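Input: structures, listed below.
Shared between the two complexes below is chain A, which has chain B as its partner in the first and chain C in the second.
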Partner chain A sequence: MRPTADLIRLAVPFLALGALLAGVFWLQPRAMSYTGLNLLFNLAVPIALATLAQMFVIAVNDLDLSMGAFVSFAACVTATFLHDTPLLGALILFAAVAGYALLGVIIHLRGLPAIVVTLGMSFVWLGLAVMILPAPGGAAPGWLRALMTVRPPLLPMALAASILIALAAHLIMARSSLGVLIRGVGGNERSVARAGWSVLGAKAAAYALAGLFGVLAGMALVGLTTSADANIALRYTLLSIAGVILGGGEFVGGRVSAVGAVVGALTLTLAGSFLSFLRLSPDWQIGAQGAILILVLALRLGLDALERRGVRA
Partner chain B sequence: MTLLRKPWIWAWIAAIVVYAATIAATAGASAAGLAQAAFTFAAFSVIVGLGQMFVITLGPGNVDLSIPATMTLAGTVSLKLMDTADAMALPGLAVALGIGAGVGFANYALIKALRIPPIIATLALSFVVQSAAIWTNRGLRIKPPETLAAFSTGNLWGIPNLAIVASLLTLAAWVLLERSAWGRRVTAIGQSLPAARRAGIAVHGVRLSAYVLCATLAGLCGFLLSCFSGGAALNMGAEYLLISIAVVVIGGSSVAGGNSNVPGIWGAALFLFLVVSMLNTYGFGAGPRMILTGLIIIAVILAASLRGPASRGM
Partner chain C sequence: MARRLLSTRSLGAALAAALSVAVLPASADTSDKRIALSNNYAGNSWRQAMLTSWETVTGPAVEAGIVAAADAFTTAENSATEQAAQIQNLILQGYDAIVLNAASPTALNGAVREACDAGVTVVSFDGIVTEPCAWRIAVDFREMGRVQVEYLADRLPEGGNLLEIRGLAGVFVDDEISAGIHAGVEQYPQFTIVGSVHGDWAQDVAQRAVAGILPSLPEIVGVVTQGGDGYGAAQAFQAAGRPMPIIIMGNRQDELLWWKEQKDASGYETMSVSIAPGVSTLAFWVAQQILDGREVPKDLVVPFLTITQDTLEANLETTPVGGVANVEYTLEDAVAVIEDAG
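Moving on, here comes the complex of A and B:
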């Protein structure tokens, strides 16, 4: 059986992750253990969740520049309200998800540029986060802390959770009618509308899912760090976009992959620590993420070219 | 009223309204000072905004995310080279512009060679450039040469020098966009790349020059900003990522490309600065100030969308 184009596309992020992991193991064999893997991928879960959130927005051909600020906001709510008054905290987080859906509705109805609206919203989320937690602090709810530090047999928590999250998002995106509808809107909005589906509903659902995964990312982050800060996740905006593209996603056309996005997020997480194993200056850590992004995309270009040659032959 | 139909008029009206509201709160005490501060700080936004405008004009997906990193690298390296010596001012400027041009070339090389979307290409490169800036900076804070520091904080008959520089650049950008063949080509590519190619436009050359121009302006802005603020800081470019995009779009240019205007950038840059100082004057804290800034940005976009048919785009 010839591998399909989508399968090849999905293979690239796995190859990149495998190569990085092999590099780390070669440099530091002690990392090849339960504890070692746990430490390597410690912060992967929130990044993977934020990347999936971004994926839902990219699937409908939009881009969310407020993701980092939103995850920070969710983290601040989790560390304060959800810890002190769980009911009120849950209500606020639920309202935030509803707010995201509303954003999708407004963007669609008025044909607004999503980049600019989310740009504006990033100020709003950050402002709210600063008001909730003017200084770093707060505390993680006990159950959340317990959930994030659980030690399942065989696989470390970070990897087990990443697999579960990837599966769940894959089921939503590739196996449910809602997911097909969302990707359809990204592919050809007009034909989805002509077929009698509600484009408005699909966009609202995509944004609501983005809000939901963003909230989960904030909660997971607090579960790991046990406290929050208004600027805690600002890097996630760019990391999440990079993760989606690294995982085989495209900015237009509804072509995204949930599994790829999670693998992309894991790769970016690992890229940072890879350098410290090489004993290179930590100054270059961000640069390494950029370089790996470029390398992986070059690899994909090569595979695409191979694939096209295969079709022609 | 043909003036009201201009796409850039709304940014200017918004800026004037906010200015009036701020002056009213202080009973007119700070009218001149506020205008001076607004024109000084808007100058930085305008310089990066002009570059971003040319890139955004190229069509959907064209955005330069490497502006903050380029600003930081140009600022740090040029200050290090000048080492507070006035005589080195011109070489310092040349290095800042050169770094900008180099980043622009690299950006487009990635876009072209790897066929990756500009957002990702400039993002990935900005990580590398930012790392280079961290590496050269090493926590050192070198002061700018005195003449440059005096120039960037000084003014001519009450008009800030930086505002004059930015105005000259704005004029040049207007001529480039509206009156030159190159500007027409940029706009044509933004409206339809295949059509532009069929019309015989050297698409790659034009796109390359737009990215180089954008990054060079970012380098210049980093140079001026580090002279103005008495040294380069590693996070000095951070806020200009969002600002550079916001001034273009609030200024009435189409975020989907192919339809841009230069005057709106000044209006939007003044507006963004004045909103923050208005909220300061009214005694808002950092949190509410940010929330209101965000809501006002969205309100301006919403108001602008109500005047014409909804336009689609990312």
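Moving on, here comes the complex of A and C:
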């Protein structure tokens, strides 16, 4: 049996992750333990959630440039309102998700470029975050801290959580009719509309899911750091986009993979640790991180080309 | 060659022995301990000097066998999440202590907690962290503002009008130093702050801001500053043809050089107060002391680098052009700071 195209697509991020993991273990055998794996991967959990959030937006052919600011905002709400007045905090986070859905509606109805709208929104989210938390501080709700530092048997929290969220997102994206609809809108919006489906609804749902996973990313981050900072997650915008692409997604066509996105996020996190274990000078680290990205993408392009040749033959 | 190697080594051993016998009650040996510096940013002259000082002081300390390693790590990007990951990596690499200049006072608390739980000693300095299990070597910015007014009160007992040059609006440090200056003015009511501008800790911005406000001001006897802005203020006063007030200087080379020129020409007198980037080396020794088993209070205060009329030449000589005045700390300095706090 020949492996299908999707399987090859999914294999690349796993291969990259495996290679990096082998490198890390070789450089630092101490990482090969329950605690070690948790330390390596626990900060990847919020990145994985943010990457999934970005994936829902990319699935409908849009790009969200406000992801980092939004996660920072969610983190600030979590460390303040959700901690002090849980009900109000939950309400604000719920409103933020609704706000994201509304964004999807506006972008679709007015035919606005999502990049511009979300770039503008990034300043709004950041402004709100600074208003909530003008100076770094706040505290993680006790239950959240407990959740993020739980030590389940066999598998460290970071890996167990990654598997769980990958599975949940996979079920939404690949196994539910909503997921099919969202990917359909990314693939061919007009035919989805002609088939009688509501494109508006699909876009609103995709953005709402992005908002939901963004909020979860902010909460997970606060659970790990114990407090927040208005600038805490600004890097997540680019990390989340890179994670989706690294995980086998494409900018257009509704071709995304939830499992791949999570693996992509883990790979990006691990790349940083790998370079740090290599004792590479920080001046070179960003460049090296880019080189790893390009390497993985080149591998995928090569496999794609092979696959196409196979089809033609 | 071999002999020289031998002699440096025996010198190092003698030094280590002398240190452990004479200075401290050596309760534990730190010669097998490894200390890491976690730094979030290296993009300005202060941070560059901080890293250079770390190398200068820890290099010989490692050679002398006081500690096994003292490696410096700087994150590729200035972000709290990246530094948190870096700290977790340092835990995995098995360091015994992490000396930390933090990107955020709170966002690293989770990673710092992980380090403490893994038995790693965490000493934060300059950019400190609030996690209770870590040690903090903090800068008393308020005091930095207050001592300026105190100095002026000493020089000008009859008081007068002051011009305040502030830093970057909305930054914690700016608020703190300014609050200290205003507290100083309350303490010495013969002074009045008649004008206040934002100089953003930069010469050019300060010069423009001071030049803009000068025409509207009465006679000024003193300028209280936040560092980095003294030279620009002096230029503005000179250009306006006004009598030169006492301008408190910061730690930049151009400020010290201007002061020296004025001192030689007309006997101009002032002072400079700043934080030496070499505070990283103070943090190194504090970490070494903690690893050595010494009881160290969790909150320590960084001593100011004060340059007076008498120490100006010596400090100017050691300050590179375009750099900042610096001082590297010794084990004795660290012990003194610890004892002051205890």
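Going forward, the second predicted complex is superposed on the first by the 312 of 313 C-alpha atoms of A that agree within 3 Å, B and C clash if a C-alpha of one lies under 4 Å from a C-alpha of the other, contacts with A are read in each partner's own complex, and residues count from 1 in each chain.
Basically, a contact is a pair of C-beta atoms (placed from the backbone, for glycine too) under 8 Å apart; a residue touches a chain by one contact, two chains touch by 3 or more.
Predicted model only: the values in this text are computed from it and were never measured.
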Chain C versus chain B, contacts on chain A by residue: B
Touching partner for A:297 - first (chain B), second (chain C), both, neither: first
Touching partner for A:285 - first (chain B), second (chain C), both, neither: both
Partner chain(s) touched by A:35 [first = chain B, second = chain C, both, neither]: second
Which superposed partner A:198 touches (first chain B, second chain C, both, neither): neither
Which of chain B and chain C A:110 touches, first, second, both or neither: first
Touching partner for A:43 - first (chain B), second (chain C), both, neither: second
Touching partner for A:276 - first (chain B), second (chain C), both, neither: second
Contacts of A:126 with chain B and chain C, given as first, second, both or neither: first
Contacts of A:233 with chain B and chain C, given as first, second, both or neither: second
Contact residues of chain A, present in both the chain B and the chain C interface: 285-286, 289
In the complex, chain A residues that touch chain C: 28, 30-31, 35-36, 39-40, 42-43, 135-138, 221, 223-229, 231-236, 269, 272-273, 276-277, 279, 282, 285-286, 289
Chain A contact footprint on chain B (complex, rising order): 60-61, 63, 65, 110, 114-117, 119-121, 123-128, 130-132, 134-135, 242, 245-246, 249-250, 255-256, 285-298, 301-302, 305-306, 310-314
Parts of chain A lying in touch with chain B, wherever the complex brings them together: 61-63, 65, 106, 110-117, 119-131, 134, 238, 241-242, 245, 250-252, 281, 283-291, 293-294, 297-298, 301
Of chain C, residues touching chain A in the complex: 42, 71, 73-77, 79-82, 84-86, 88-89, 91-94, 104-111, 113-114, 118, 130-131, 172
